[in-house]
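Here subunit A shows up in two complexes: once beside subunit B, once beside subunit C.
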Partner chain A sequence: MELFANQVLAGIATGAIYACMALAVVMIYQAIDHLNFAQGEMAMFSTFMSWQMMQWGVPYWWAFILTVILSFIGGILIERLLFKPLAKAPVLTNVAGFIALFAIVNSVAGLIWDFTIKQYPTPFGSSPFLGSQLISTHQAGMVGVTVLLLAGLYFFFQFTRIGLAMRAAASLPESARLVGINTSWMIALGWGMASAIGAIAGMLIAPVVFLEPNMMGGVLIYGFASAVLGGLSSPLGAVIGGFLVGVFENLAGTYIPGVGNELKLPIALALIITVLVVKPAGLFGRPIVKRV
Partner chain B sequence: MSAAEEVVTEAPAVEAVPKRAMTLGYGTSLVVLAALILTPLFVKNFVIFQMTMLLIYGLAVLALNILTGGSGQFSLGQSAFYAIGAYTTAILMEHFNVNYALTLPVAGVICFGAGFLFGQPALRLSGIYLALATFALALAMPQLLKLGFLEHWTGGVQGLVVTKPDAPFGLPLSQDMWLYYFTLAVSIGIYIASVNLLRSRSGRALMSIRDNEIAASAMGVNVALYKTLAFGVSAGITGIAGGLGAIAVQFVAPDGYTITLAISLFVGMVVGGVGWLPGSIVGSAFIIFVPNIAEGISKGLSGAVFGVLLFLVIYLVPHGARQVALVAQQLTAKLKRN
Partner chain C sequence: MTAMLNIKDLRAYYGQVQALHGLSFSLNEGSLTTLLGANGAGKTTTLRAICNMVRSTGAIEFEGKPIGNRSTENVVRLGIAHVPQGRGTFTNMTVEENLQLGAITRGDKKNIVADIERMYDHFPVLKQRYTQQAGTLSGGEQQMLAVARALMLRPRLMLLDEPSFGLAPLVVRDLFRIFSKINREDKVTILVVEQNAQLALELADHAYVIETGRIVMSGNAKDVANNEDVRKSYLGY
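Up next, the complex of A and B:
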């Protein structure tokens, strides 16, 4: 029983990583209706920027705030410069655009900061949390930040005018335009917010997985999986999905014989597909009714 | 975020391509064919090898095109079927000494079965969810191939070495050239079959599903059957391409069939034009040659150069090579009239 409790705790700790990333994925999906394949790379780039600032002697929290602001602006710029011209192109062309962005960001980061693995500091310290060996104060801090972020987003979307406008623009763009919402800028805002959340996720994940240009590959896949599991239309679902995937992955690795590190990923994905087959809109997503 | 159900008028994610617009004209087809037959006579062996790979990836892109352009289903998991085909061919050739030409139909049938079965759960999913499910398949495949109890057959991480066949009947052709013509014959056969498939009753059923699933089912199209069949056919062709690929590269290993391959095939389809079958070869050329060109321009920034080139292509021609072909067609028509 103690093993079980410990594994669940460890799962929640890894799950926090996925939850952060899933939140960014859901943000962008809300704004543009696509999964952004370059999301992880954008987060990685933001994390490198904050690392660079710290190398120049900026204190952690200043670097943190500056990076979030820069990422927000960067996200908006990417939307305005690269993806707005593609707004009328077919969906699949947009997806190809994400793949291109992925290649560019990854390669540029590799050129600037090279591919060696770098240590990344944590503001929470890495001593055991409440005496548990499996979860460190950093991981506990990560869970805390994720929950705060989620609460902030909930407040933003439910109680601010601009949050309401963004929701309107995402669900019925034409009607939103008719009541005077600038839907084009709402999309840009969605990009900016997704990029900023991604930056926070990256800076929290980096102390765990270490900083290098390919650090986000695995994390993004789990982030997608968590977001889809929880339902792409629900930030709360994405976070819960993240924790569920983390816990399940750990339990499968511990209790199913023959599942080493290699098979963790396929098994987690198989679970997600099973869930989707039963509940096609994810656990917390709202079903979409189609008409002819 | 709101509790209300969302009611949408289903806009097809894939554009409707009329079936006549899916192929090249008769004359143009002959010119392309002649070029494909004659070029190898004048180039080096390495270039012939590249052209063989061009045809092989072309087949794989074509298969994805039938699935996405034909029936409107996404797949980021084509690399899994490609891997199954490649391993089928390699295992049959190396463990059972089956003739290479006979392994291809087997690879095709096995992959058809795999695709058909995978199509069953995929029926419940669409759009982004289907993309994720296929993505998962592609991610899982290399891991599955490395499994311990399959190692006797698959060779584990090391993979298998495949012998390249000689030209039969004592024909005076090099191995590379023979393999090229063999691949060309297979490709032409599959291309013609695919065109006919899409022009048939089944093809019309697929396209009606792509354009509006609800309307299609109201008109009596068996949506479930045709969607799974599309998955099966697409997987089957991908499997044959995989088998040919194994023979051409002379080697199969799990790490040759990662998600990168699936993404490349997807990029190839977009560049070639979704739903335009001849575009497959253009897309295939893009994914084979552009990374090389990018590497040539800048070693350190090859990824960035590739990305920029891809962006350029999708800005200039968001509908891929199909758009270029359409413009060319209109221009020639204008010239003829003058």
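Up next, the complex of A and C:
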């Protein structure tokens, strides 16, 4: 029972990171109908920037906040310089754009910071959380920061004008322009926010997976699995999908004989394929309500 | 009276296909004008060209300023509200959010709440459903919502693309009565595109008839209504 509870809680902690990555992927997918394969690499690069700042002596939370801001700006710049010009290009051109972005970010990070694995600090410590052996303070911190972030995003999209405008631009661009919304900038804003969310996920998971240019590869695949499970059209679904996948991954690794750590990734891929076959819209992908 | 909207030699293209062939007309400030024509004549294209939603050449002037090179959202920000064919409702948002979106570019936030109340006065049925997803409204209710959303801009000019389409005759009559009221009381200049000409001609003060991308007739709505060709082609008697 203790083992079960432990695995569920640990799953919720990593699930929080998958939820963030899934949310970042869904935000860009909603805006431009493409999956950002480079989302993980962008998050990795952000995490390296924060590490570099800390090497220069910047305190953790200052580095954290600065990195979020810089990642936001970086996301906007990537959209303006690379993907805005590709907006009307065929799907494959866009896919090539994402792969190029992936490769460039990955190798530039390797060039600047090399490929050796680095320790990354946690501001929460790694002692047992509240004296319980079930979960560490860092894991609790991951969940706590994610919950704050999600609550903030919910407030932003539900109760601010700009959040409303972003939702409108994503759901019906033409109608959005007809009420005066600059949809092009809403897409850029979506990129900035996705990039910032990814940065937070990267900085939270770095103490667990360690810092190196390929650190986000596995995480992003789980993020994709979560987004597909929850439904690419549903930000809330993506978040719930993230937590479900986190828990599922841990329980499968513990209880299904022969799965262990090496087979966890194929399980994520199997999950993606199964969902796409059985329920292509995902668990929460909204069937469109329409009456004429 | 001065012309609020002045269009000269408008040509519009869908890829290689030309849909408008040098169309010219103007709207007087404060007028309620109708643009009539058969299916495929180019009515929707004309409205889309005004809002720069289709590639076009020619001169489009609004209140004396050329607007042909402005993006759609910047045309709208001048106070030109466009209720598109098919309504363009944000179906997965609530009725109230749709109304909020209509006012999204306005700086005078204080007045928006009062304006939403005014819309509920015009269209009481929307008030009963303000938390409901707009996609669950009936066709007539969605059309009212589309008109209300456009009015939330506090437009100077409103473009309406076949607002009667698919609605029961009684609903259409209500809707047109509201257009008349908005035109008189709120001083909104209105251009309404219709296939269904009878009501439009009753309410409008000016009418244009369009055929295959050209204006073929223009005049006082009463005169146009009495024209024999128009009666045969568009009124059915």
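FYI, the second predicted complex is superposed on the first by the 276 of 292 C-alpha atoms of A that agree within 3 Å, B and C clash if a C-alpha of one lies under 4 Å from a C-alpha of the other, contacts with A are read in each partner's own complex, and residues count from 1 in each chain.
Rule of thumb we're sticking to: contacts are C-beta pairs under 8 Å (C-beta built on N, C-alpha and C of every residue); 3 or more make two chains touch, one makes a residue touch a chain.
Only a predicted model underlies this, so the values are computations on that prediction, with no experimental measurement involved.
Student: Just to be sure I read the superposition right, which of the two partners does A:Ala13 touch: subunit B = first, subunit C = second, or both, or neither?
Tutor: Once the two structures are laid over each other on A, A:Ala13 reaches no partner at all.
Student: Which partner does A:Gly97 contact after superposing on A: first (subunit B), second (subunit C), both, neither?
Tutor: first
Student: In the overlaid three-chain picture, which partner chain does A:Met49 touch, first (subunit B) or second (subunit C), both, or neither?
Tutor: Neither partner.
Student: Looking at A:Ile181, would you say it contacts subunit B, subunit C, both, or neither? Reply first, second, both or neither.
Tutor: second
Student: Does subunit B (first) or subunit C (second) touch A:Arg167, or do both, or does neither?
Tutor: The answer is both, since A:Arg167 touches subunit B and subunit C.
Student: Which of the two partners, first being subunit B and second being subunit C, lies in contact with A:Leu232: first, second, both, or neither?
Tutor: A:Leu232 sits against subunit B, while subunit C stays out of touch.
Student: State whether A:Gly110 touches subunit B only (first), subunit C only (second), both chains, or neither.
Tutor: Only subunit B is touched by A:Gly110; subunit C is not.
Student: Would you check which partner chain A:Leu220 touches, where first means subunit B only, second means subunit C only, and both and neither mean what they say?
Tutor: neither
Student: Going by the touch definition up top, name the partner, subunit B or subunit C, that contacts more of subunit A.
Tutor: The partner that reaches more residues of subunit A in the superposed model: B.
Student: Per the definitions at the top, what is the overlap between the subunit A residues touching subunit B and those touching subunit C?
Tutor: Common to the two interfaces on subunit A: residues 167, 171, 286, 288-292.
Student: Would you pull the subunit A residues touching subunit C in the complex into a rising list?
Tutor: 161, 164-165, 167-168, 171-172, 174-183, 286, 288-292
Student: Which stretch or stretches of subunit A touch subunit B in the complex?
Tutor: For subunit A paired with subunit B, touching residues are 29-30, 34-35, 82, 85-86, 88-93, 95-97, 99-104, 106-108, 110-111, 157, 167, 171, 221, 224-225, 228, 232-235, 262-263, 265-266, 269-270, 272-273, 276-277, 280, 286-292.
Student: Of all residues in subunit B, which touch subunit A in the complex?
Tutor: 1-10, 13-15, 68, 121, 124-126, 128-129, 131-133, 135-136, 139-140, 143-144, 146, 212-215, 218, 263, 266-267, 269-271, 274, 300-308, 310-311, 314-315, 318-320
Student: List the residues on subunit C that touch subunit A in their complex, please.
Tutor: Residues 51, 53, 71-73, 76-77, 81-82, 84, 88-93, 97, 100-102, 104-105, 133, 135-139, 149, 153, 166 of subunit C touch subunit A in their complex.
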